[in-house]
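To keep things simple, chains are lettered A, B and C as they appear, and every chain counts its residues starting from 1.
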Amino acid sequence: MDVLQLIVSGLANGCVYGLVAMGFVLIYKATEAVNFAQGDFMMLGAFICLGLTNPQFMGLPFWISVPVAIAIMGAFGYALDLVILRRMFGQSQVAVIILTIALGFVLRFIAGLIWGHEPISLDSPIAGRDVRFGGIVLGLDEIMVIGVTVLLTIVLYFYFNRTKLGVAMQASSQNQLAAYYMGIPVKRIQSLIWALAGMVAAVAGILFASKGSIDPSIGLLGIKAFAAAVIGGFGSLPGALLGGVIVGLIEPFASRYIAAGYSQIMPYLLLFVILVFRPHGILAQVHRKKV
Amino acid sequence: MRTVFKTSYDADINLFRHAAQRNWYIVLLAAVLILPFVLSDYAIGEMTNLLIWSIACMGLMILVGQTGQASLGHAAFLAVGCYANVLLQERLGLPFILSFPLGGLIAGIAGALIAMPMTKLHGVYLAIGTIAMAILTDDLIVLATPLTNGVTGLFAPDIEIFGYNFNRYGNPNGLYFLILGITLLVVLLYRNLQRSPLGRSFAAIRDSEISAQAMGVNVARTKAVAFGISAGVTGLAGALIGHFAGIFNNETFNIILSIQLLLAIVIGGLGTIHGAFFGAAVIALLPQTIAMGRDALNQMIGSGSIAIPGLEAAIFGGILIAFILFEPQGIYGRWFKIRTWFELFPFYRRDMFRRQKSYLKTERMR
Amino acid sequence: MSLLEIDNVTLRFGGVTAVNQVSFNVEEGEVFALVGPNGAGKSTIFNLISRIYDPAEGDIRFDGKSILNKAPHEIARLGIARTFQNIELFEQATVLQNLLVGRHRHRKSNMLTELGFTPFVRREERRHREAIEKVIDFLDLQPYREKYIAGLPYGVRKVVEMGRALAIEPRLLLLDEPASGLSVEETQDVAFWVEDIKKQMGVTVLMVEHDMHLVSSVSDRVLALADGKMLSLGKPHEVQNDPKVIEAYIGVADETEEAAA
């Protein structure tokens, strides 16, 4: 019973990590850039929804503010790519990493300016409610998180592998010049991908906010989500989710069964082990270059 | 406009390209030596701080600028050098003159050891590996509390060399000259690295690992050496930070510091020694500048002095974004262009430093 | 005993057999060419010699000893140098610095002496510089010494690539499509250089090339490959006139046409 609670709450956390990790992988698969600000995108999505829903700000109904918040984050992602990231076209991976780290700093600061640094709770109808079946009691918010995540993963997987736009996105990440020759509007696709990542981050943020209170520093969970993405396999969407779930499950079990100080570092120890023995993650996707 | 006539191969091997360049640096050295007699004690303290950060930036620059390996966790080596230096003095009673280089050596060995699993990683994976390393080091320091005094931290004793005391407040000028000397030694080391086969093999790894290998460079071992030297220099800086700050714990060397170091050397100018100094200037002087700016703003607007958390990081981030977008070569890059404009006047062509358009090719297929 | 012996080597990439039981010997002092349509396995053989790939079957021997136990970075020390088809130069360095990396194999100093830049290191630096100046004179690269690779035209880069391989002072030089992308004059220069490398420097050359004029004018022997398999081995004009080779390149006359004729 107890173990089930641990599993479900670990899964729910893991799904949030997984969603953020999927945001990383989306951008990586399409542009080969790593967006270190993805965690802060999540934070921003959560706060925008809060700013729309909570009575002290705008007080809109929850079911309206959710799609609006998602749409706003989508537009934000698109605009960010248009204004800043397009200029990084063709530059090395490390340059983009550094840029997005700096971006994270700026976003955290702006969120603090607008909404303050105190923890606030999102006024969400799914928070605090329970689901009972067969004598077991589980939190509705946690079930929702898991359900939405699984659904989103399936949708994204099919999007990337079956739709024309998804395949075009993969092509432009593998060889931009060739993608151009094939008539793929590479720059517009890049912006669309950032929009998509922003929307996924917004979903993650809203789900996270439904489970507890938020403040501008929750974006730092992005580092853990990043570790999760690498553990699961950085080029793969199901891998990102898998990694997130693994990390989410390790945490509560580690803190229950291992001494307090060690539980914090378990995700990073696992990451280190994976990097040494299977650097491309559990569901690896790597090939050999021909010289 | 200057034409350089070279009459022997030494002209390319020497530290300075020609006598005029050497003279400029002599003038700079003279100016730097006079500073303690011109500036206040507080300002000299700030300059000393800047020099310490320059050493740290040079350490990271060797790895990132010269060898092309990303490291988002270099504060870990600052920590190793700092703790090693103080613990050697306190637990083993070694004098500073021994514990200091040993602290650097220990940090260097730690770097070379950590490099071994990392050499197979590239780009993103290397970056994340270094993040993991940094976070693990932070936690390891806490876990080793009996040795390191964990979260409470350690006090660093005053630097004593042959009975001469170098306390930051009691002897600011002395400390300044000592650290200036150490900084110059590190610069010399870096310059020697750049003009030697080892430095060229680092640059070869940065530009094309596969052909470096074909030229006989043992890539894995050379990367480990690069990590080692970089970690060693950074460790020396860490030891000095410990003495300068007087007290430190695991929080002093957190991952935000690692990230700031990396941002700083990119702002300064990747791959150059000047870049390390410019980047260090940004790290060391930014808090003061912001404080002064806020005071000035308060005086003008008359609002109370509110502490805004995260302002420093945000401004740092903003500066970096501005540089990466408009001047990717950093402060040194801009300085170089300005200098070239003066040198070639009036023949400077606007597109002299124009970068070629480049298209991204996937790094997943290596 | 031949300088290089490729002995029944096979390499597979997943389902594709890139090199299929290929055997040939390269004698010391000769110029040996590998020809064949794209995908024939020519560059793959180079990569096998450079130890980038491990063969599934077979052996590769240099000077009589197998090199299959060597790591990729040990090949230069044996005296084997190579160029790359797609030019893998160090873009952010000058021509001089690129050539100096080629001297890495002759490095006698170690990390500590170099960091201290002792007089020994200085003498070594002068020695290395003299050695690459000979390469610069040989290839007429004088105007480009201080130029960064990133700004150089394609033809010059190809020459620097060759120069860097020569700086190793190899016994065996692997040239991967030395004339691809070059103009007629530049290709003639390549022909003269290969001749000089063979006659003046006594270096054995193994080259992959598509330009049949270049191949027939400088090579002593040619091996034609297709789909990873050996087609024909012999002197240039023998291989060029071999019906199997003609079939691989051009095709066979249509049977209905023959019947009608």
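By definition in this document, a residue touches a chain if its C-beta (ideal position, glycine included) is under 8 Å from a C-beta of that chain, and two chains touch if they have at least 3 such contacts.
Predicted model, so just to flag it, every value in this text is computed and none were measured.
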Worksheet, complete the sentence: In the contact graph of chains, the distance from chain A to chain B in steps is 1
Item to complete: Find the chain most remote from chain A, comparing centres computed as mean CA coordinates.
Response: C
Worksheet item: Relative to the centroid of every protein C-alpha atom displayed, which chain's own C-alpha centroid is closest?
Response: B
Worksheet item: Which chain pair has the highest count of C-beta pairs that touch?
Response: A-B
Worksheet item: Which integer distance in Å separates the CA centroid of chain A from that of chain B?
Response: 33
Worksheet item: Centre to centre, by mean C-alpha position, how many angstrom separate chain A and chain C?
Response: 48
Practice prompt. Would you mind pulling out the distance in Å between where the CA atoms of chain B average out and where those of chain C do?
Written response: 41
Worksheet item: On chain C, where are the residues touching two or more other chains?
Response: 52, 84, 88
Practice prompt. Would you pick out the residues of chain B that each touch at least 2 other chains?
Written response: 210
Worksheet item: Tell me, which residues of chain A touch at least two other chains?
Response: 288, 291
Item to complete: Going by the contact rule at the top, pick out the chain B residues touching chain A in the complex.
Response: 64, 70, 72, 117-118, 120-121, 123-125, 127-129, 131-133, 135-136, 139, 142-143, 210, 255, 259, 262-263, 266, 308-311, 313-314, 316-318, 320-321, 324-325, 328, 357-366
Worksheet entry | Parts of chain C lying in touch with chain B, wherever the complex brings them together | 50, 52, 71-77, 81-82, 84, 88-93, 96-97, 100-105, 107, 109, 111, 114-117, 121-122, 125-126, 128-130, 150, 164, 168
Worksheet item: So in the complex, which bits of chain B are touching chain C?
Response: 9-10, 12-13, 189, 192-193, 195-201, 203-204, 206-208, 210-219, 225, 229, 271, 356
Item to complete: Under the touch definition given earlier, write down the residues of chain A that touch chain B in their complex.
Response: 28, 31-32, 34, 84, 87-91, 93-95, 97-99, 101-106, 108-110, 112-113, 117, 173-177, 180, 216, 223, 226-227, 230, 234-235, 261-262, 264-265, 268-269, 271-272, 275-276, 279-280, 285-289, 291
